[in-house]
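Naming follows writing order (A, B, C and D), and every chain is counted from residue 1.
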Amino acid sequence: MYTYSTKIKLHETDAAGLLFFSHQLKLMHDAYESLLEKIGFGFADLIRKKPYFLPIVHAEADYDAPLFVGDVITIGVTVERIGKTSFTFAYTITDQKKRRVGAGKTVHVTMNKKTRNKISLPAELRTAIEKIKK
Amino acid sequence: MYTYSTKIKLHETDAAGLLFFSHQLKLMHDAYESLLEKIGFGFADLIRKKPYFLPIVHAEADYDAPLFVGDVITIGVTVERIGKTSFTFAYTITDQKKRRVGAGKTVHVTMNKKTRNKISLPAELRTAIEKIKK
Amino acid sequence: MYTYSTKIKLHETDAAGLLFFSHQLKLMHDAYESLLEKIGFGFADLIRKKPYFLPIVHAEADYDAPLFVGDVITIGVTVERIGKTSFTFAYTITDQKKRRVGAGKTVHVTMNKKTRNKISLPAELRTAIEKIKK
Amino acid sequence: MYTYSTKIKLHETDAAGLLFFSHQLKLMHDAYESLLEKIGFGFADLIRKKPYFLPIVHAEADYDAPLFVGDVITIGVTVERIGKTSFTFAYTITDQKKRRVGAGKTVHVTMNKKTRNKISLPAELRTAIEKIKK
């Protein structure tokens, strides 16, 4: 499983003292970004060179335990589903004590940049994502 | 239905040209914050005066249409469910053309600040939230 | 003087209980964005239609008093300087009690989008900014 | 010199395609946070255990070159000045090609948490910061 680690920053907490909830989804995306780059689909290339986008159409997150500034978390990323025009990534988050502190998923569709119509997963991308799934 | 309006800011978009997905959840929370303040439970008071927290244990969002910098959105907030120790708010987002562009929900539990144990919804809060539901 | 008002959101505070410092600069930019739109140079148009960018080359901020979630601030925006290839906006921030709580400035250059070279302020933009200055 | 490296994330860019300016200051703060933790003054401890705050009273940033998603930057942190009730950290940012892409500084005061009055730099903190300066 692909894993991505990061430390909770002060600006990711709020005045209630804990990680602000939407930042967990942002951090899940950071893990996804890092994985995409590893398989040759980094956002720098996606934005400048590819004729398609991978917009998120659904996202969700569970929060199991509070996270404080300075906590080190590890986000495990797996491919949950590969469809005809979409794919789903799932995330499990553990803290420095290996406790599960959160989870989530993001559902992406493949879209032609010019027409903004949904398209079938480009073969190169399907192949790369299938490799992670195994 | 309570509604909250805002304009998409440059810093809420990303290099793909659209609203970054986690900012939709942040904006839903802004609407929730605004509604809580209206019913007498503004975060300034919640943080400084109340013996309980309302942490989010689950959140989700759907993305129906892209949002650009300068788009004006209206977020309608409703109470979906009031439980014994939790409540759920639902959000529907429309743009300046009244098209639905997104939706979402947040599930909150009531927690004692000191013990960090779940507690029954305080009566004052239950009453205030029930009033919105009607 | 152009003024822009906003309320400090929970996600703009941090675990120390106050507005996180870089968010003051973000809010100054929101005021600048709002002013630009008012004079016909909204970012939606700047990004899609104009052959030039207005990148920030210098920014600074002073913090005079702490800001809490729920505080309402008003940001006054003035044009401090119009140069050949750059301009400077200045910001003064007051709270609901009319106390000055912060200030700042942003220095922008005009840059050709394709060549990424600095260019003289386009006449249309110079005229619009000069009008604010008066 | 203390250095901190990070990669520009999609959510740190905006629809103009580059790093949004206030995020450079946020990343400078991440470097500062990391350094403070290294010298025994991590924010988790500062917030929970120390009787003083270190609020920022002034911040500034220069932007020398555009930064894109995926760019790897290194932030060098130095102590520029240690005063009676304040200290200043300076930051220099270089990209993966060792080019300087930005710089900045943050000025901090030491403040009693309860009274919110400025206080002299606590001896333990002064000693720790002086060690970095050498």
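In this text, a contact is a pair of C-beta atoms (placed from the backbone, for glycine too) under 8 Å apart; a residue touches a chain by one contact, two chains touch by 3 or more.
These figures come from a predicted structure and were not determined experimentally.
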Open item on the list: Taking each chain's centre as the mean of its C-alpha atoms, which one ends up farthest from the centre of subunit C?
Closed with: A
Open item on the list: For the interfaces A-C and C-D, which has the higher count of C-beta pairs in contact?
Closed with: C-D
Task: Cα superposition of subunit A on its sequence copy subunit D - rotation in ° rounded to nearest 5 - done: 180
Task: subunit A and subunit D, separation of their C-alpha mean positions in angstrom - done: 27
Open item on the list: Need the CA-centroid distance for the pair subunit A / subunit C, whole Å please.
Closed with: 32
Task: Interchain centroid distance [CA atoms averaged], subunit C/subunit D, Å - done: 22
Task: Residues of subunit B touching at least two other chains - done: 10-11, 15-18, 20, 22-23, 26, 29, 43, 47, 68-69
Task: Residue ranges of subunit A touching subunit C (in the complex, touch as defined) - done: 10-11, 13-18, 20, 22-23, 68-69
Task: Complex contacts: residues of subunit C adjacent to subunit B - done: 7, 9-11, 17, 26, 29-30, 33-34, 37, 42-44, 47, 68-71
Open item on the list: Looking at the complex, which residues from subunit D come into contact with subunit C?
Closed with: 15-16, 18, 20-23, 25-26, 29, 43, 46-47, 53, 55-64, 66, 106, 116
